[in-house]
Amino acid sequence: AVARDQIQIAGSSTVLPYASIVAEAFGENTSFSTPVVESGGSGAGRKKLCEGVGENTIDIANSSSRIKQSDIDLCAANGVTEIQEVRIGYDGIVFASDINGASFAFTPADWYNALAAKVVKDGALVDNTAKTWADVNPDLPAQDILAFIPGTKHGTREVFDVKVLEAGCEATGAEEAFKAAGDEKAKGCTALRTDGISVDIDGDYTETLARIDANKNAIGVFGLSFYENNTDKLQVATMSGINPSTETIASGEYPVSRPLYFYVKNAHLDVIPGLQDYIEFFVSDEIAGPDGPLAAYGLVSDPELAKTQEMVKNRTPMGMLN
Amino acid sequence: MNIMSEAATELAVNAQTEQPEIKMRGKDVCVFYGEKQALFDVNLDIRKNAVTALIGPSGCGKSTFLRCLNRMNDTIDICRVSGEITLEDENIYAPMIDVVELRARVGMVFQKPNPFPKSIYENVVYGPRIHGQVRSRAEMDEVVERSLIKAGLFNEVKDRLHEAGTGLSGGQQQRLCIARAIAVSPEVILMDEPCSALDPIATAKVEELIDELRVNYTIVIVTHSMQQAARVSQRTAMFHLGKLVDEGPTDKMFTNPDSKITQDYITGRFG
Amino acid sequence: MTDLTAETSASASHKQNRSLFEVGERTRKRHASERRFRRLGLAAVIFGILALVGLMASILSNGLSSFQQTYVAIDVFLDPAKLDKNGNRDPADIQKITTFTINPLIQAALKKTMEDRGIEADGVNAKKAFEMISKEAPADVRRYVLADPGEIGKTVSFELLANGRIDGYYKGRVTMDSAALDRNVSPEQLLLADKLKQAGILQSRFNWSFLTAPDASDTRPEAAGLGVAILGSAYMMLIVLVLALPIGVAASIYLEEFAPRNRWTDLIEVNISNLAAVPSIVFGILGLAIFINFVGLPQSAPVVGGLVLTLMTLPTIIIATRAALKAVPPSIRDAALGIGASKMQAIFHHVLPLAAPGILTGTIIGLAQALGETAPLLLIGMVAFVREYPGAPPEGFFDPASALPVQVYNWTQRGDPAFVERASGAIIVLLVFLLLMNAIAVLLRRRFERRW
Amino acid sequence: MTPSVLVLSVLGLAIVGYFLGRQRALQAAARDGVKLHSLPGYYGQSVALFTAVPAFFLLGAWLFLQPIAIESSISGKIPDSAIADAGARSLIMVDVRRIAKGVSLLIEQGDVTENELSDMSAEVTNVRAQLATVGVALGSDVSPVVFEAAKEYRSIELSGDFVRNIAVFLVALGFGFWAWARVQPRMRARNISETFVLALLMGSSMVAILTTVGIVGSLLFESVAFFKLYPAEDFFLSTTWNPQFRGGSDLGFLPLLWGTFYVSFVALALAVPIGLMIALYLAEYAGTTLRGFAKPAIEMLAGIPTIVYGLFALITVGPFLRDWIAQPLGLGTSSSSVMTAGLVMGVMLIPFISSLSDDIINAVPQAMRDGSYGLGATKSETIRRVILPAALPGIVGAFLLAASRAIGETMIVVMGAGAAAQLGLNPFEAMTTVTVKIVSQLTGDTEFASPETLVAFALGLTLFVFTLCLNILALYIVRKYREQYE
Amino acid sequence: MNIMSEAATELAVNAQTEQPEIKMRGKDVCVFYGEKQALFDVNLDIRKNAVTALIGPSGCGKSTFLRCLNRMNDTIDICRVSGEITLEDENIYAPMIDVVELRARVGMVFQKPNPFPKSIYENVVYGPRIHGQVRSRAEMDEVVERSLIKAGLFNEVKDRLHEAGTGLSGGQQQRLCIARAIAVSPEVILMDEPCSALDPIATAKVEELIDELRVNYTIVIVTHSMQQAARVSQRTAMFHLGKLVDEGPTDKMFTNPDSKITQDYITGRFG
C-alpha cells in the first residue's frame, strides 16, 4: 500500500474552525490534498493520536487544552514517542447577551456571586439566593440571572472555572472561607447552584445563541470568533472593565482566554505527504500572524509565534510536562 | 341420540299443525358482492320458536342469506342488499334502523368458535354489559350462570370461570359462543355451520342444545350435513346457485321434496 | 306498524320488545361515544400529518434559499507580472502562486468594473468593496490559471461568489439594521450591492455548486456544498444495502424457517431486538474498536461507516423480514413441498418473492435510519471537514468522505449564520434522498405485488 | 501471490469445477441411462463448493496462524538487551512487522533489490528515511537487531506464503477432484449444496451474536478501566452527576437513569395514545384513499433526521412551553425541559407505534370482530374491548421498539432537555439522559484515560444490560400472551 | 353425472375381481402431535390405479394419515410417526429415503386451491423444472399442454397461459393444482378434500377428472361428503377417533358395512 495522501487531523471542536480554514488554504495553495479535519473532542483526538504509528492512525491532534501526562504515557506505550506541541494562538472567551437587552460590565466576583452554590455573606458561607444581577452587584441591571455556560465536557468550562469562578472565589473571600471550613483545595469554588439559574450547555455555541434567542434576558458564554460572527445578535460584556478583542487578549489585559494547541506525531512527518509543509504553513505569519485569516476569524495571534515557527522547523519534540 | 332426534321431529310435526307465527321474513332479497350477484330474489319466512335449516351446496349463498338477517353483511364494504327483510314486521334494512339494537335481538354464532381472548366470564358478560343489561356484579354473575346453564356448559366450567375462554376444547368453545349469544337475550339466533369444526361427540352436544333452545328462541342454522339438518330442524330451505329452490317442513323435504334439485342433492347426486 | 309491534311484543314470551325504530337513551349514548372515538382517531391522524407538514414547512422555508446563490460577474486581468514573474509559463512556478497573490488582481478588477460602469461607492473603499466578494474567489481564479496557464496575460470574465452576508441580504437574512450592528458587513456595502445588482454585476441564480462543491471552511459559507457528503452517503448506503440486505434476509430465513425453537434461537431473538435498542453511538464505539483499531481500516472512510451502519440496520431488517416471511401463507410452502420441492427451493422460489414487499419496507426503514445517523460516525472520524472527493468505488470506499447528516451537524455548529440556511438545505437534500429511496421501494413493491 | 489473488484463483478453479462437475453428471446420466438425482447445476455446485470451501478454510486458518507462529519465533530471537531501552517487546514486534512490510514495498517499487537488501544493514543505511519514501512510518530509528529481525521475519513470511499458496492450491485441486470423481447420477448433489446454503444462513444469523459480543467486548475493556478509577458503588448509587476537569468528579448513574426514564415516559405518553389511535383509525375506519396517503405520510416522520426535531424543540417547542405553560403555572422558567424533549420525541415515535400496531391490528382475525358485531357491539366498543386486548401482545412489541428508540435518542434530548443531570419531578425542568452523556463525555475535551471520559463506556454497558433485561421481559410477555387467538 | 358414477362403480367391481396390486401400504401407523396421539395402529393398503376414499368425522385423523403418505407431516415440528409406510415395498420412513424424491412420486393436492402467484404456465412447469424433467422450451411447452389437458383445463386457459394462476376461478385453480401435481408424473396423488371449497359445477368437473386420472395414477382422497366418496372411489376407508374402523370396496361400505360405527356415520346418525 502506498501511504494515504491526505493528512488526518482530529480533536477539539474549538480548534476545528481554525484548522479547517488552514486546511482549506493549504489545499488551495499547494499541490497537496486538503487535510481531513475531524471533530470529536480533544480527549478523543489525543487518544487517537496515541493509538500508535501507522497509516490508519491520525497525524495531528487538535486540542483546546494542554496534553496530559496520561496521554503521553499512552502514546509512549504505543510507540508514539516523539510529539510536537504547537501552540497556535489564544481563544478569547466572552460573555454576551441579547443585542436588544441591557449591557453588562462584569467582574469575576459578580459571576462567582451569581452562580456559585455557596457565597460569603457577612463572613460566613451561605446558600446563594441571588435572583437578579442587581442582587449580586448594585451596578448591574436588575435583570433575572440566567447564565448559559459550557457543559463539563467542554474545555471552555475549565477556563471558565479557573479564570472566572476561582478568581471570583478568591476575590470575594470565599476561597478562604472554604479552606477554613476544611475544603483544602477549595473545591467549593467551582460548585454551581442547581436551581436552574446556571444552565450547562453540552452542545456548541450555536445552541447557546439559540437559547439566548429563546430567553432574551440570559447571558451566554461564547468564543470570541463566534461572537464576532454574530455581532448583530449579541452584545458583549466587559470583564473587569476590559472589552474583549484580539488586541486586549493578546496583550493579556482581558483575563478570560486560553491557548489552543495541536500535537503532531513526528513519526509521520516524512511519511505522510505534505505533513511538514502543513504545520509550517499553519504557523506561518501569513496564516497565524496578526493579519492572517485566523486572526480575522477571531483567533488571538500568539505573540511568541516566531518561537513556534522555529520549533516546527526543527521538529523539536515536546519535553516533559511541567 | 336417535331418540332425541326422533322427538324433535315429532315436535316439529306438532308445531306445523298450529297457526305458524312468522318471526322474520325475507322478501325478494337480492345480494350483490360488487358486481357479482350472490342471492336472487329470495323469499323466505322464518317461523318463531322453530329451527330452520338452510342447506345447499357450497357457495350457493346460505351464509350470505344468514348474514343478511342481522345485517352482518354491513361489515363487508362491497356487499349491497336489496329487497326487504323484516323482524316482526319491521324492515331491518330501513334507513332509520339501529343495527346495534337489531343485532342484540338477532344474535349470531359462527362456523369457527371465536371466543374472545378473555376469561369465560368476560366472554359471556360482554354482550349484556355493552347493552347495559347488567349493572351490578350480582346481576352479571346471574347472567353468566343462567347463560352457561342454558348452553349446557355451566357444570363443565363453573370452577374456572375466570380462565381464558380460548383454553376450552373446540366443542366447549362453540357452546361458550352460544352462551355468549344467549346472554343478551336475543329473539333469534343465527348459526353458520356451528358444528363443522367439531368432533362427533361435541357435535352431538351442540345439536342437543339447539333442540333445547328452540323452546325460547327462533333459530336459523346453516349446515352442510343433511343428517344434521334432518336431526335438528323443523323446517328446511334449500339454496342452489343463489336461489331458494325449495322450502318446507324438514320431514317432507327429506322424504318427498318438491324440486328435482333438492332430491338430487339430498340423495347425493351432487354437492 | 306501531300497532303491530305492540301486538307482537305483547305476545312475546320472555321480554317486551321495542321497535327497532325507537333508539333508546343508552343506545344514543353509545352512538355518541362511537362518534367521539372516531373523531379522536381522525384527530390523531390529523395531528400526525400536521406535525409532518409543520416540520416540512420549517425545513423548506429555512432551506430552500440555499439553492439560490448570488454571484459577482467581473472581468479579471490575469496580470503576468504577478502570476508568472519569470515569464516562462512554467507550471511548476505557477503552482507556487498563492491566493494571497491573486487577491489584489480581483480587487483591482472590481474597482475597474465599478469605474467603467460609473458606480459610485459612497463610503466603501476598495478593500471593503473587495470584501463583498467571497474568499473562495481567489481560489477559483487560481484553479483557472493552473488549469490553463496560457490564459495569463489575458482578461477573463469570471462569475465569482458574493460574500455570504451580501448573499444573505438578498435572501432576507441580513438587513440594513442588522448590518449596522454587524462587524462583517456595513450598510454602505449593502447599498453598493444594490447598485451593483442594478448594473447587472451582481446576479442570483440556481446554485448547482451547493450540490456539487465540497465543504468550505467557516469563513466562506457561500462556497460550502454537499458534493463530498452526497458521495459519502451514497457510498455508505451502497455498502449498507449490499451487506445488510443479504445478511439480514439470510439470517431471517434461518431464524424463521429453519431454526429449531430452543434456547439458542431465543437468545438470538432477544439479541436482535436488543441490538435495535442499543444507542447508535455504541455502534460507533464498536466500529472504532473493531474495524479501525483491530482490522486496521482507514479513518473517515465510507467503508467503515458503511460497516458500522450495516450492523446498526441489521436488526431492523431482520425484524421486518421475519414478519414478512411469517405473513406468507403456509399453503404456498405446502404447495411447493407437495410437488417435491426441497424446503430450500420452496423458500427461495416461492416464499421469498412473496415476502419481498415486506422485506423492502424493512430495508427502507433501516436505510432511512442509517442515512440520517450522525453519532456513530463521530467516533470513526467521518464527522469531519473533508474537501477532497473520494475516488470512484471500490478504492473510493477507502478515501475520506463525510456524509449528509454529518454536514447538517457540522453546519449547525458553525458561527456564521449563513450556515443555518445551508444546514436546512442539506436536510432538504437528505429528505429528497429518502423520498427517492422510498419511491424506488414503492416501484419495486409494485412489481412484486403484481405477481400475487 | 497475495491472498486476494489467491482467493480469486481459487474462485476461478471453483467455477471451472462447476462446469466440469455439471458436465460429468450429464455424461454419466446419458451413458448409464439413469435419471439424475438432482438438477445438473447442483452437481456443478457441489464440485465448486468442495473446491472452494476447504481451500478458503485453510487459507483463513493460515492467515490467522502464520503471523502468530512467525511472531513467536522471531520475538524469541530478539535479545532482551535490545528491548530494555526501547519499550515493550510487543512494540518492537510492531516495528519489525512494519519494517518487513516496508521492505517488501521497497522491493516491489524497485527501489531496492533482494540482493541489496541482504547486504543492507541498519548501521549503514537510514532505514527509517528510506521506508518513509514508501509511506511506512516508524516511531524511531531502526536498531540493527530489529532490522535483522525484520529481514528474517520477511524471509520466513515469504516462504510461509509460498508454502501457503501451494497448500491452498493443492487442497482446492484435491477436494475439487475428489468431488468431481465422486459425481455420479445417484449422488445427492442438491442436498450437499443445500446443506452449504443452510450453513451460510446460519452463519448470517450469527452476525447478531457477534455484534453483541463485539459491543460488550469493546465496552467492557474500558469499563473495567473506569471501575478501577472510580468506585462502582458510587457510580451505581450516587445521586449526583457532576464531572470536573481536575478530578474529584461525582459520576452518579441514577440522575441519568431517571432522566432517561422520565423523558422516555413523556415521549411514550404522547406517542402511544396518538400512535395507537392513528393505527386504529387507519385500520378500522379509514377508507383506502386516506389510508394510502396517511400511512406513508406518517411514516415519513420516522425518516426525518433527529437533528431537525432537535432544532424544532430548541427553537419552537421549548419557548412555547415555557411561555404558555411553565411560567404561568409557576413551574419554572427553563425553555429546555423534560417536557420539551419528551413531546418532540413523542412526535418522532408516533410512526413506530402506529405502523407496527396497524399491522398487528390488521392481523387480529376477522372472526373476533364478527363475534363482537354479532352481539350488537358498536365499532368503538369492539375496538376497545376486543381488538385492543387481542392485539395487546403485538402492541407491547411496538411499544418496546419505540421505548428502545426513546432510550437511544440523543439529538432531541441534547437540544430539548438540556444537559443538566438531576433527579427531579418537575417536568418543566431541564434533565438529561444516559445516551446524551455517553456522547458528550466521549467527545469532550477531558483526557481520555480519566474517569470522566471512561464513564461513557460504563454508561453504555449499563444501558446495554438494562435494555437487554427489558427485551427479555418483553419476550417473556409476548410469549405468555401470544396465541390466545389463532 | 349419474351415468359416470355408475360406470365408475362398475369398473371398481371389475378391478376387485382381478388380482389387486398394492401401491402403498401402511403398517401399524401411529402418529403423535407432541403428547397427543392422532392415529392408532392404522393398517391400510392403497391399491394401484384405484381411488381410495378416506372418510370419517372431523378430527378423526384422515388428513393426518394422508399427509403421512408423502411425509408432508415432516414439516410439523411436533409430529412423530411410528410404524411403517411403504411405497412399492420401500419404507418411506427409512432414514436414507430422500423426501424430495418421495414427494415427486407421491404428489399432493390440498383442500384450498393454492396455485403459486405466478403464471399458469410457470405453475405447471415448476415441478418438472426442479426435478430436471424438462430441459428445452419445447419440452416445457409440451409438459404444460399435456398436464393441462389431462386436468381438463387446457381449453379454458390455453389463451392465457402467461396470466396469473391466481386469477382463475376456484374450480379452475383446483384443477390447475391438479395439473401441477400431474406435471411431475407422480405415481400416487393425494387429495385432501379437494372439492370442499368449490361450487357444485366445479366439483362435478373435478370429480370427473379424478375418475379419468385413475387410469394412470393411484389416488387417495379425503372427503367429508359421503356422496362424493360413493361417486368417485372404488375403495373406502372409514376413520374414527384416530382408528381405522372399516375398509373395503366402496359399494359394500355404503350398502353393507362391517362395523356399526360406519353404518351410523353413513346413515347420518352422527358427524
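A, B, C, D and E label the chains in the order they appear, each numbered from 1.
Keep in mind that, in the parts below, a contact is a pair of C-beta atoms (placed from the backbone, for glycine too) under 8 Å apart; a residue touches a chain by one contact, two chains touch by 3 or more.
On a predicted model such as this, the values are computed, not experimentally measured, just so you know.
A.B. asks: Of all chains present, which has the mean Cα position farthest from that of subunit B?
C.D. replies: A
A.B. asks: State which chain is most central when centres are taken as means of Cα atoms.
C.D. replies: D
A.B. asks: What is the distance in Å between the mean C-alpha positions of subunit B and subunit C?
C.D. replies: Here the centre of subunit C sits 60 Å away from the centre of subunit B.
A.B. asks: What is the distance, in whole Å, between the centres of subunit D and subunit E, each centre taken as the mean of its C-alpha atoms?
C.D. replies: 50
A.B. asks: Roughly how many whole angstrom separate the Cα centroids of subunit A and subunit E?
C.D. replies: Here the centre of subunit E sits 83 Å away from the centre of subunit A.
A.B. asks: Going through subunit A residue by residue, note those that touch at least 2 other chains and give them in order.
C.D. replies: 4, 13, 39-40, 44, 54-55, 203
A.B. asks: If I count partner chains per residue in subunit B, which residues reach a count of at least 2?
C.D. replies: Expected reply: 100-102, 105, 130-131.
A.B. asks: Show the residues in subunit D shared as contacts by 2 or more other chains, in ascending order.
C.D. replies: Subunit D, residues with two or more chain partners: 190-191, 311, 378, 381, 442-443.
A.B. asks: What's the complete list of touching chain pairs for this entry?
C.D. replies: A-C, A-D, B-C, B-D, B-E, C-D, C-E, D-E
A.B. asks: What residues on subunit C touch subunit E, complex-wise?
C.D. replies: 260-261, 329, 331-343, 345, 349-350, 353-354, 451-452
A.B. asks: Once bound in the complex, which stretches of subunit A touch subunit D?
C.D. replies: It is residues 1-4, 12-14, 39-44, 46-47, 52-55, 63-65, 68, 70-71, 74, 76-82, 144, 146, 151-155, 157-158, 161, 187, 190-191, 194, 196, 199-203, 207, 210-211, 213-215, 265, 267-268, 270-272 of subunit A that touch subunit D.
A.B. asks: So in the complex, the part of subunit B that touches subunit E is made up of which residues?
C.D. replies: Interface residues on subunit B, with respect to subunit E: 1-2, 57-60, 196-200, 203-204, 224-228, 230-231, 240-241, 267-271.
A.B. asks: Enumerate the contact residues on subunit D facing subunit C in the complex.
C.D. replies: 190-191, 194, 197-198, 200-205, 207-209, 211-212, 214-215, 217-219, 273-275, 277-278, 280-282, 284-286, 290, 294, 296-309, 311-312, 316, 347, 350-351, 354, 359, 378-381, 383-384, 400-401, 403-405, 407-408, 410-411, 434-435, 438-439, 442-443, 457, 460, 463-464, 467-468, 470-472, 474-475
A.B. asks: Per the contact definition, I'd like the list of subunit A residues that touch subunit C in the complex.
C.D. replies: Going by the criterion above, the answer is residues 4, 6, 8, 10, 13, 16-17, 19-21, 23-25, 27-29, 31, 33-34, 36-40, 44, 48, 51, 54-58, 99, 203-206, 223, 225-226, 228-233, 286, 293, 296-297.
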